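Chain IDs A, B, C and D follow the sequence of writing; residue 1 opens each chain.
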Amino acid sequence: MSEFQPKIVTFLCNWCSYGAADLAGVSRFQYPPNMRIIRIPCSGRVSAKMILHAIRSGADGVWISGCHPGDCHYIEGNYYARRKFYLLRELLAHTGLEPDRLQFSWISSAEGVKFAQVAQEVIQTITALGPAQRLIKQMPDAVAEVA
Amino acid sequence: MNPYKPFNVKIRDILTETEDKSLKTFTFEFASPEDEAAFDFTCGQFGMLSIPGVGEIPIGIASSPTEKPVVKFTVFKTGRVTTHLHNMKPGDFMGIRGPMGNGFPMGRMEKKNLLIIGGGFAFTTLRSLVEMILQPQNRDRFGTVDVIYGARTPGMLLYRDELEAWEKRSDINVHITVDGTDDPDWAYHTGFVPMVTESCAPKADGNTMAIVCGPPVMIKFTRPVLRDLGYGDEEILMSLENRMKCGIGMCGRCNIGQELVCGDGPVFTLAQLNRTPGEF
Amino acid sequence: MNMIRVTKQAVATALAKASKSYAIAGPVKAGAGHEFRCLGQGQVPDLEYTHTRLSPKSLLFPQAEPMFHFKLPETTGEPGDTPPAFLEAESFKEAPLAVVGLRPWDARALDLLKLNFDSPDYTDPFFIKRYNAMVRVGLADIHPDPENFSLAAGSGPFDEASVDILLADAGDAFIGKVITGKGRDFAGAAGFEPGSPDDAKAFAALKAAAEKEADILPACDRINDADTLDLYHADFWEAAAFSCINCGACTFACPTCWCFDIQDEVNQGKGVRLRLWDSCMTDLYSAHASGHNPREKGFQRFRNRFMHKLKYFPDKYGAGIMCVGCGRCITQCPGGIDIREVMAAMNAAAATVQQEVSP
Amino acid sequence: MTTATKERAENALQEKIQEKIRGIAATLLENGTVDAVIGYSRGSLSHMTRAIMAKTREDAQKLVFNSHCRMNLAAYLTPELMEKACAGKDRAGKVAVVAKGCDSRNMVIQIQENRYARDQVHIIGVPCTGMLDKAALARGVEQEQANCATCIRRNPVIHDDLAGDPVPETDPDKDRFADVAKIEAMAPPEKAAFFDDLVSGCTRCYACRNACPLCYCPTCFVDEARPQWVGKTVDPTDVMTYHLVRAFHDAGRCTDCGACEAACPMDIPMRHFTRKTIRDTVTAFGCEAGTDPDKRPALDRFELKDPEGFIR
């Protein structure tokens, strides 16, 4: 298990958390390289289909990070996102997915340290869960047996 | 034999045809001589361009059988497969299935005068036909040949070098038209294909067949013009397209009534189509 | 040996014996109903079943079928860099599959499907290999569902035309008829006992009773001679289709619907091209890449489905309608559409036109 | 009351409602208030009804109301229908719709989402005492649909006519979400197994989607090709992804009308997905979808104090 390196798809909002990731990099704060970062205009832009698509394609976890409440570039996008992610996380947990595979955070563009820290935590949490088992697409490689 | 498995082909050449770069002509060569022999096509047939992992699309064959061993397709960038194809480069590999469809009825067209009418990028299979006819060994098999070809603007015309070459010949009458142009030196027609057909096309003489390929709206307005010129429904050939998946008459979706565009077509006489519900 | 007999207790033993030379498939309980499945060792089909929700067509034409595999270049994962290796789908075992408990009309449907998958120009290898390797041990229906109109659709509860053996439930035993050589081989392998002349009489009586019970409506006699375009332009289609929600329930349940989609799936450089059931009820089915759709409206797709089954197909193949009267679409339609009523409406439309023409 | 007498009473009630619907429909059509009336008509099977668009007085006599009106007619209120209804007239189309309590809640949401304007529909509201479960009927059992048993709005929220006297609403303090709690009590692997089994018979016919008045995206996410979010097969992951995203897309909007389950040819109880989002919407945000025309759906508004314990 100690060798398991999770793949984490990370959606960062353009205005805050992406800036934080940038700042963490410029400031040379270390965090493990398990993430594939996708820049998005706002955390409110992320839909359920994107999260599930990441998992079905082999991500062990998905991390979404946006601006702090009140700081959204679009005034209130992250408030809507908060409701949406609450319901989605609950629904996925209800149907058997480990809820911690989905990670959320608010990180402003000034919080390079927090970014590196949260990244560490996210990776630790998902590493502890082990490889994802659920909602992963398996290739149909055998002919459906009829005879 | 698995008819769903494509032949391996390599892109030999890619030519951007139009100024907006939305149309490119791809020249393919087959990886194996057996596949090349198996892809034995006639004018008016089509093939499935097959990109593994992306999908398949039916496209009319733009080259003449006389251009073998290569085969050419002119592709409009519109969906997932065509967009992917437009981003590929010479030397890349992919697949082709085919040839499919009935093609133009050469038996019925021989010895006849031909009036060939095309609009937009539906002109591709007509290029195959004209190219074949103009070969020295074939030219005598047909009577007079009139080609009416329209595009939106001069920059949207396909096969410009060939059109110029055809223009210089005496054994073919070429009438090129564009919907509109601001080029003061434009030496050809301006106006829609049906209008040009009205003024340039030969009247029906009982020995002429009209072959029409184009967008639905062009077909709609060309039909009455041809009727006024005296063409009977049996003398008008149309090449159609419908959404299809298999290309070999099994997946069901390209039907127009009981006719399948992939197997019974894509070339139909207008008389045949008049007996169908016309869902194309 | 023409008549055979097997007591109900002996069915399991007989099938175990037959399974030495045949793979066995049959109806088993699945979810809230029954479905056809390939059976494992010792698994016995539930021959007390009335109907399956999905038809047995999936035994020849599975809902998802890999047609071939391919590998994408590992370096880029993008198609195009090296010649794609188009690998054959793993060839399935061609051991004969005995389908035990097949209803006669569902068996007929398999023969109708063959008209599509085995044409003079192309043969679908997946379908046809399975088709040829199949032995059909039919089970007559002594009490057809009220929605079943198979007798009117050219088959019937005791139709022998498309089965190799036809069994019927005679209380404590199944009695039946061996119809083909394939059937004789299977009966031998299963060790079915020969039946008596009394069994033959009982079989005939059951048949007569079931056929009497079977709904012989609706008439569609005038559709054949009607002009396609008259039916197509008849004015009842929009109203008839109003309740239809254009889902695919009818097409997926239908034993004779064969339309399919082709899709590629890729994961980590390995890919497969799949054939998937498709439904003519969806707008995506006929939508061109340009956005144009020749059957844009729901009722047009509804019309195409019924015209295909009841007019285009009969005209094209001369093999009757593309419907075996199983009634699945009637019981499963969320909108309450009934193909018998559509047939009647088409027949009436045909009659109106014919009256107008003849003085 | 014994079950039998209760049933008879209900049938008598429904017959009265049916007469009223016919009368209202005939009047509306005759005086030109509406171009068409969308209602239920008798189906060919005794336990089914069929949607019809009545355009004449005679058509209006075909309208029925009974315990088999499971379809949600709000699903038929498409822009094309509105357009067609007024063909040849120089004004926007207006149609009347027969709507049960739950259906009217869907119409509230459709209006909030600008699917059509309030004045384009004339709602013939029906006080409803519940529908009979189709899957149970197939087993020979007469039993109320599960969603009707936990219904909170048996009388229409909005209506222009009411085809019957209002019926008493159910006890609001009743534990409505016992079904959700039961699943929540399961361990994660049990939950996974429960839902995997639940959708195992799904053929992706999309009857549930098409029967839903709120599933009206011009292109459903399952049909999107660039990118393709989900495979088109019946592979367990593809099927589960479809059901999850469908349910999530209706979160905060779903009124538990049960049309999806009633439409399913395989009798899959897919409300177990939406029930969870309904419960969470109520407990976390205090929203009951479509019960108040002045309140936007739950995911279309927010509060500063919304739960965020799950966010780092």
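The definition used in the following text is that a contact is a pair of C-beta atoms (placed from the backbone, for glycine too) under 8 Å apart; a residue touches a chain by one contact, two chains touch by 3 or more.
Since we're looking at a predicted model, the values are computed, not measured.
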- Query: For subunit B and subunit D, what is the smallest step count along a path of chains that touch one another?
  - Reply: 1
- Note on the structure: Taking each chain's mean CA coordinate, subunit A and subunit D are separated, in whole Å, by 34
- Item | Centre distance in Å when subunit A and subunit B are each reduced to the mean of their C-alpha atoms | 49
- Just curious, how far off is subunit C from subunit A if you go by their C-alpha centres, in Å? 46
- Mark out which residues of subunit A touch at least two other chains, giving numbers and ranges. 137, 140
- Note on the structure: Where subunit B touches two or more other chains at once, the residues are 79
- Would you give the residues of subunit C that are in contact with at least 2 other chains, written as numbers and ranges? 64, 89, 261, 263, 265, 274
- Message: How do the chains pair up in terms of touching? List each pair.
- Response: A-C, A-D, B-C, B-D, C-D
- Message: Which residues of subunit D touch subunit A once you look at their complex with the stated criterion?
- Response: 180, 183-184, 188-196, 221, 227, 229-231, 233, 235, 237-238, 240-241, 244-245, 247-249, 251-252, 273, 276-277, 280-281, 284-285, 298-300, 302, 304, 306-308, 310-312
- Message: Show me the residue ranges of subunit C that touch subunit D in the complex, using the header's touch definition.
- Response: 30-33, 35, 53-54, 63-64, 147, 239, 242-243, 245-249, 251-253, 261, 263, 265, 274, 276-277, 279, 282, 284, 297, 330-338, 340-341
- Item | Of all residues in subunit C, those that touch subunit A in their complex | 23, 25, 38, 59-60, 62, 64-66, 69, 89-97, 130, 133, 265, 267-268, 270, 272, 274
- Item | Residues of subunit B defined as touching subunit C within the complex | 1-6, 8, 10, 31, 51-57, 78-79, 82, 84, 88-89, 92-95, 216, 241-243, 245-246, 248-253, 255-258, 263, 275-277, 279-280
- Query: Touching subunit B in the complex: which residues of subunit D?
  - Reply: 225-226
